[in-house]
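Two complexes come next, and they have one chain in common, chain A, joined by chain B in the first and chain C in the second.
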Partner chain A sequence: MMQPQVVVHSLAYLTRAAGMTMYVSLAGIALGMAIGFVVCLARLSANYGLARAGGFYVSFFRGVPLLVQLLFIYYFLAEFGVDVPAMAAAIGGLGMASGAYQAEILRGALNAVPSGQAEAATALGFSRAEIWRRILLPQALRISVPSLINEFTLLLKASSLVSVVGIAELTRVSMNIASSTYRPLEAYLGAAAFYLAINLCLAGLGNLAERRLAAGSLQ
Partner chain B sequence: MMKFDAYSLTRRDMLRTGLIGAASAGAWLSGLGAALADDTLADVKKRGELVIATEMQFPPFDISDNGTYKGVDRDLIDEVVKELGVKVKYLDLPWTSILPGLEAKKFDICIAPVTITKERMQRYLFTVPIADATAALMKRANDASIAKPEDIAGKTVGGQKGTSQLAQLKAFAAKLPKPVEVKEYVDNNQSYADLAAGRIDASVNSFPNLAYAAAQRADTFAVVTPAFGTPTYFSWVGRLDDKALIDAVNAAILKTEEDGRMAKIQKTWFGQSFDLPKTVPEPQL
Partner chain C sequence: MSFEVLWRYAPALISGFGVTVLCWSMGAAIGLVLGFVIALLYRLRVPPLRWALRAAIEVIRGTPFLVQLFLLYSGGPFIGLRLEATTAGVVGLGVYSSAYFAEAFRAGFSAVPAGQIEAATSVGMNSRDILWRISLPTMLVATLPSIVNLLIILSKETVVLSIITVPELMYQMQTMAAETFTAFDAIFAMAVFYWLLVEAVSRLGYRLERRVTAFMAPAAGRS
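And then the complex of A and B:
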């Protein structure tokens, strides 16, 4: 009883939606990386205020559901005359939420580098910048890759939520197809195939990154 | 002259200053919001574009066919903006985002069909009816046990949560000799899917929606006639303070009814044409 022609007929529509999903997700990941890096540094800072601010950021954006954040940015701010465009709300929402997770991933990875290494480097006369650039960051990056890829695949799937601000991403479009054709199974299977393909690519890139960063490691 | 030493500010002072600053910024921003609220019709004419929102998952009213917006609402709004002399921009939003978006002024008017009810009239301004919204039932085409609406007694019926049609079903079921099990779904399409899969015995929705669904999958679905509900209508909705815009839209809709354009749209999507009330009817529900 399956009618694969439903997916075939809507293939261009689904492909465009998959492109939109990839676009908002990649932009969200990039924004999240920048935010995550800054927030992580703030949390590790010796300055009490900065460390608390970083901690507050993480608790807030991890603690409030992404759907609520998106609705807040798009509809609530408009009540105060701040009209955030849909695309900015979508990417901003994804990026700010992902930033909180990425900050914690990075912080965990930095903490996993034995503190004796930085102490030894200081004793050998390395400057603070050099210690970060040559000792802490390369190792932290290597340690964080599996968790980061995990976070990216989660974000890709969470990007289905941006339809609440009117972005025609993959899940939304598959629902549109299901409702206009009365063939939900075919439409959702089509969307699932796209998600799987994109996430397999992400995982492949993750493996590649892990292998490249493994150069010079003891294992 | 007042002596002011910034370094003597305590933490509490700073917090207080911050709060006052935030509050005044908030007041300024909300003032700005109110200033923008003036007259939507004048705004629309000035920018030369009416921004509408609907959920493109409500055939035959709103359909997204391979990415192209189609349906009764699309055909009708295209005629309405011709009368207003402006262009139109369509937004596709989930139903749960549409009414908040209307209040947040993210668009000018909602053209998703909204059933006119007393409760909703307190909060939104309705246009004149654009279609019949009387509740009816749909069954599996091969199910001979349901021939008239009353035959759902003792069976399971599904419908979309929060809709007026589901409320009508519950009122109807209460009067039947045997209890009806009512299953609530996030949207009608899940109710149709469960009907096809045999998990429920009938789906409730407005008559035009069901007639279209049954025509699309005639091997699977059939409409149970007659419609059982109280006669109700679908309208579009605007913000309560946008009377000028809604009046202009009403005039345009009535014009399409007079010159036969409405009948043509109805024939295309419902297979027949019918008359609609010329004013917003007093809601029965």
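And then the complex of A and C:
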């Protein structure tokens, strides 16, 4: 039968691993947001070369599996003398892949803001920077929050892959616990509980952000 | 690299790819329909229903697909739910993706300007026509890129089905790698197959997007 003490005994170990998972994921999310914003701007730009470069970025980082990207950054670059530290490879890999997905989410949301609004703001004498900061971004963010939270929860779960570059995150640690106690079910359920808890926090943050950003809309 | 091995295993690999595409497309279809229904139910503004849907969405998004699939396939028989591996895989993919699609659709609905719905109501459109002719075409502009994102992520998630013995691409690859000790060839072939699939999905997505944003083109040209 189930032996919950397996999880209780290794709780400190699991908690530390959960902290590592959270650290890597949050850093990846932040990096992904920055990259996603830049790539989205590039894709929407009137400059043909920039738009194509943005399109290529998205198709490359969505098309190549994250595992392959991580292995490439950590092992393949080392062949050419570029020694990337494990943590940088993990965060960079997650962030660059997530950036491609976030760019697409933002692009959809920006497309959905009626073009009349930017035109009206131009007519009222708003500068381009102000139009972005006060008109386009707040609305695009409101529209994209649910999809962004989708992406963040997927990134958190994908962070289990960074164990291939030698980072002791939640999945790797629960595998270790499973193999040292011969109780895989308990160990993995313990890890799943941690993932669920972190994702619930992310969803809660999303809910808050959505309410805050919806303050200006009539719906 | 040995092409001879790949050639010998080609029938198995192609049939595996076929199973992958089949499971993915059926799972995605179930997920899209279910997700759309969830997003519609969410809009009814019945509080207990909303809480129940929100709880379901967060639990499904919060836990790994592997865990859900195990619960369905290995835990199902305990409550009398005995599914074939492939059926369990398709149903699992459908339920898992429905939570994500529901959120994407919800985001889309929030992008439809309230004035458009009000205008449609005032010209006498009924709520079904408003949904299909006003809300849906407008929301697809915001939500199609996210849906393509999710379809791509879902296609990579299908490798998990190999664990419950669905004979999809990963399963065939592992068989080949184990029988011929050609791990590298297997990974290489796998990458090619998945790249084909992802590229096809993104292209289809861009074409659809051009179709649904067609009404915006003249306005953008003028500004």
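One rule holds in what follows: the second predicted complex is superposed on the first by the 219 of 219 C-alpha atoms of A that agree within 3 Å, B and C clash if a C-alpha of one lies under 4 Å from a C-alpha of the other, contacts with A are read in each partner's own complex, and residues count from 1 in each chain.
Keep in mind that, in the parts below, a contact is a pair of C-beta atoms (placed from the backbone, for glycine too) under 8 Å apart; a residue touches a chain by one contact, two chains touch by 3 or more.
The shown structure was predicted, so the numbers you read here are calculated from the model rather than taken from an experiment.
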Checklist line | Partner chain in contact with A:164 - chain B first, chain C second, else both or neither | finding: first
Margin query: Just checking: does A:176 make contact with chain B only, chain C only, both, or neither of them? Give me first, second, both or neither.
Written below: first
Check: Thinking of the overlay built on chain A, is A:184 touched by chain B (first), by chain C (second), by both, or by neither?
Finding: first
Next item on the list: Determine, under the contact definition given at the top, whether A:145 touches first (chain B), second (chain C), both, or neither.
Entry: second
Note to self: In the superposed model, which partner reaches more residues of chain A, chain B or chain C?
What the structure shows: C
Next item on the list: Applying the touch criterion given at the start, work out whether A:114 contacts chain B, chain C, both or neither, answering first, second, both or neither.
Entry: second
Item checked: Contact residues common to both interfaces of chain A (with chain B and with chain C) -> none
Item checked: In the complex, chain A residues that touch chain C -> 58-59, 62-65, 68, 101, 104-105, 107-109, 111-116, 118-119, 142-147, 149-151, 153-154, 157, 160, 188-189, 192, 195-196, 199-200, 203, 214, 217-219
Notebook entry, point to check: In their shared complex, at which residues does chain B touch chain A?
Noted result: 26, 29-33, 36, 53, 56-59, 63-67, 91-94, 96-97, 100-101, 104-106, 187-190, 192-193, 213, 216-217
Item checked: chain A contact footprint on chain C (complex, rising order) -> 58-59, 61-65, 67, 100, 103-104, 106-108, 110-111, 113-114, 138-139, 141-146, 148-150, 152-153, 156, 191, 194-195, 198-199, 202, 213, 216, 219-220, 223
Margin query: Under the stated contact criterion, what part of chain A meets chain B in this complex?
Written below: 9-10, 12-13, 16, 71, 74-76, 78-83, 163-166, 168, 172-173, 175-182, 184-185
